[in-house]
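First chain written, first letter: the chains are A, B, C and D, and each begins at residue 1.
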Amino acid sequence: MIDKRVRTLAEAVAGIKDGATVLCSGFGAVGEPVELLNALRDTGVRDLVCVANNAGTGDEGLAGLIRDGRVRKIVCSFPRTTDPHCFEAAYKAGKIELEIVPQGTLSERMRAGAAGIGGFFVKTSAGTKLGRGKETREIDGELYVLEKPIRGDAALCRADRADRWGNLTYRKSARNFNPLMAMAADLTVVQVREIVDLGSLDPECVATPGIFVDRIVVA
Amino acid sequence: MIDKRVRTLAEAVAGIKDGATVLCSGFGAVGEPVELLNALRDTGVRDLVCVANNAGTGDEGLAGLIRDGRVRKIVCSFPRTTDPHCFEAAYKAGKIELEIVPQGTLSERMRAGAAGIGGFFVKTSAGTKLGRGKETREIDGELYVLEKPIRGDAALCRADRADRWGNLTYRKSARNFNPLMAMAADLTVVQVREIVDLGSLDPECVATPGIFVDRIVVA
Amino acid sequence: MKPLTRRQMAWRAAQDLEDGAYVNLGIGLPTLCSDFVPEGREIVFHSENGILGMGPAPKPGEEDPDLINAGKQLTTLVPGGTYFHHNDAFLMIRGGHLDVALLGAFEVSQGGDLANWTTEDPNFPPGVGGAMDLAVGAREVRVLVEHTTKDGKPRIRKSCVYPLTAPHCVKRIYTNLAVLDVTREGIVVREMVAGLDLAGLQALTEATLILANDWKKLEAPAV
Amino acid sequence: MKPLTRRQMAWRAAQDLEDGAYVNLGIGLPTLCSDFVPEGREIVFHSENGILGMGPAPKPGEEDPDLINAGKQLTTLVPGGTYFHHNDAFLMIRGGHLDVALLGAFEVSQGGDLANWTTEDPNFPPGVGGAMDLAVGAREVRVLVEHTTKDGKPRIRKSCVYPLTAPHCVKRIYTNLAVLDVTREGIVVREMVAGLDLAGLQALTEATLILANDWKKLEAPAV
């Protein structure tokens, strides 16, 4: 029987090791798996590379991991979102490495990681500072840069409803990076509002099929 | 006001020119926009390049276009599906050009066309006859080939329900190539079972947002 | 001479959004445009966090914390609106599916280069968000920007001083003083506020301006 | 010696599908495996036309023309099953999300090369379908194939004569005579039908075989 439910947040994040690359979902605080990120901090794990859109908001979740010095490097598109004081303090103190990636490129690099794409050409960042050092190619008269896939050792996600197979639905704009990051990691852990019976999610409306999900926990 | 509804099949396919590249959806006959393809044949258009998974089944739809000599070239993964006699006759008579593309590569090439990706590396076909002549690259010790985007001048698709903005839902495995081809063409025309009031499709369950759709017709 | 207010600038930019257009509004000033869509036009607003069909800000009591725009403000969905994930949102952007991206700017160059993501201030970590994707992906990029900086330095320059968001992408510029088009021949003045002539506008602009034969007075209602 | 029937071959391959596995069954012989999943195991069958959680063939009267498998036969969906588009179906395949692809073959080489898409018969147009994507993308590729052609020629060869589907991809081979693993050392015989010895099996195989120390008799119930 397939049963991806785990009972505790600690079980949910078990096994994520020092130095791991962790995809941290959410757009600002919306869709952010705050409780999973807090539980990850409680494991004592260190030297993380976190991939996220922002760099934490307030003091919980990703911000808490950064505040407690657990994040060696953050790969994100826009670190300064609402109340980024944890990140700003770490950045000014030189305690965190920052890699800025355009939001669409960040998203597409994770999709490539999920889809077995070894690399891809996009126009985004061509001819800019963020495109420097990247392989370029002229395609049909326009300049493209080669981008490489990103995969996580783990992805921490948040959804609305799940069944025991790990099928997921989301609410409104809280979907954001969740379906994408869920596909792009070796271990995908999802906190959900509610777990429902197998077969009660509409098969036409599941946004993340369970094949991408390893563990679900209610939080 | 946005109103993508057209009244007749003839209006729906108007403007597709000789020599056009037409993305023809469907997996075999399931999800195939048979009535749109028949209407396209009735326009008298010639020298089409059709991109499809198969090469027509029976005598209607894509098969009819091929039988009537309107298709100069077909790009597909598997020409011989259920009852492919129109294609087989044209092929044996040397009247149609055939380009075989692995199904996943075909799908990904159209997505690249839809997504502004200039090219991408995949392992599929590397080291095989279908990979010959393609640029290759070793990435992390494995051989990849470079694939290029496909875009259609037009895409003909089939959906279950639509609203006047062109938002679409599908039924079961009739979804197949439809959402993908709908994104990858300059003109996307969709035949649907039913048109419903704006706002009556669940915004969480729309499989093709209307931005990709130009015309809808009930058929 | 009476420059437009920020709300008037947004009003002016909104007048050019055609019925049925799919539009992404950048964070800040461009976001205001959604308040000024001319009566009778249906514009579909796109947000890079997975929304098509964004509506106005929610009424008190109708806020939903799971429904925000790209600027992380609470928003709403209109009938016909849909949700999707981030990757599909950027497929729409990069794949040329948006008719217009209306963006803010630090600078625009004579050749249409856009600089809007970093001033390289060492006190602030940089952040690019979706700006570069929008700049290369939308079918038409328009910019809403004050004509000069607070201390009077031109923002429309021969070439950008700040790092580029994308080269050669801007088509039209709305400022508090003028409406300008980036063309092969140079930057063409389509509209100017009353009391300003080409010499006066040129004095506030580093790029060389060309006055359109059919230029008009830039006017906006009190909004 | 009594070779397995085709249904017995499918039965044998099905015994190795672990509880919880995500599995794609190739067209033809592999499709039969879904009838023989051992009691108590939940296997999620994937179909490249956008289905996870395919069930058995529909009962008479319950057929839905919009619900077919990759072989274009009518099928069903089990509770927990989902639908998605072709591109997501192949993202699952190419991205290494499937545990097992069970495929048919014309030939398999000693090094695990697979040839299953064309015999280059000039009378038939070629067709590859999803075979190449499955061969490179699934975490483990297993093959179900008659040990020899109808006229007795070996299908397990030193190198493939027919054009490859993918090099070095096959891990395990189920034939009507044996279960074989492709290893670095060569092709290892794990099971053989009663009445056959290594010399007898080798005589029907072009690739060099190695007998596993713990080899077993290949047995299947009458299915």
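Note that in this section a residue touches a chain if its C-beta (ideal position, glycine included) is under 8 Å from a C-beta of that chain, and two chains touch if they have at least 3 such contacts.
This structure is a prediction, so every number in the text was calculated from the model and none was measured.
Note: the chain lying farthest from subunit D is C, by mean C-alpha position. Rounded to whole angstrom, the centroid-to-centroid distance between subunit C and subunit D, based on C-alpha atoms, equals 56 Å.
Subunit B and subunit D have Cα centroids lying 29 Å from one another. One finds 33 Å separating the Cα centroids of subunit A and subunit B. Residue positions of subunit D with contacts to 2 or more other chains are 77, 83-84, 90, 94, 136-137.
Residue positions of subunit B with contacts to 2 or more other chains are 108, 111, 115-117, 122-123, 170-172, 204, 207. Annotation, chain-chain contacts: A-B, A-C, A-D, B-C, B-D (touch as defined at the top). Residues of subunit A that touch subunit B in their complex: 108, 112, 115-123, 137, 139-140, 142, 144, 169-172, 202-205, 207. Interface of subunit C with subunit B (complex): residues 19-20, 22, 40, 42, 44, 46, 52-53, 77, 79-84, 88, 90-98, 136-137. Subunit C contributes residues 47-51, 64-68, 72, 77, 83-87, 89-90, 93-94, 124-133, 136-137, 163-167 to its touches with subunit A in the complex.
Interface residues of subunit B facing subunit D in the complex, by the touch rule stated above, are 27-28, 30-31, 53, 55, 76-82, 87-88, 91, 98, 100-105, 107-108, 110-111, 122-130, 170-180, 207.
Of all the residues in subunit A, the ones that touch subunit D in their complex are 1-2, 111, 113-117, 163-165, 167, 183, 198-199, 201, 203-204, 206, 209-212.
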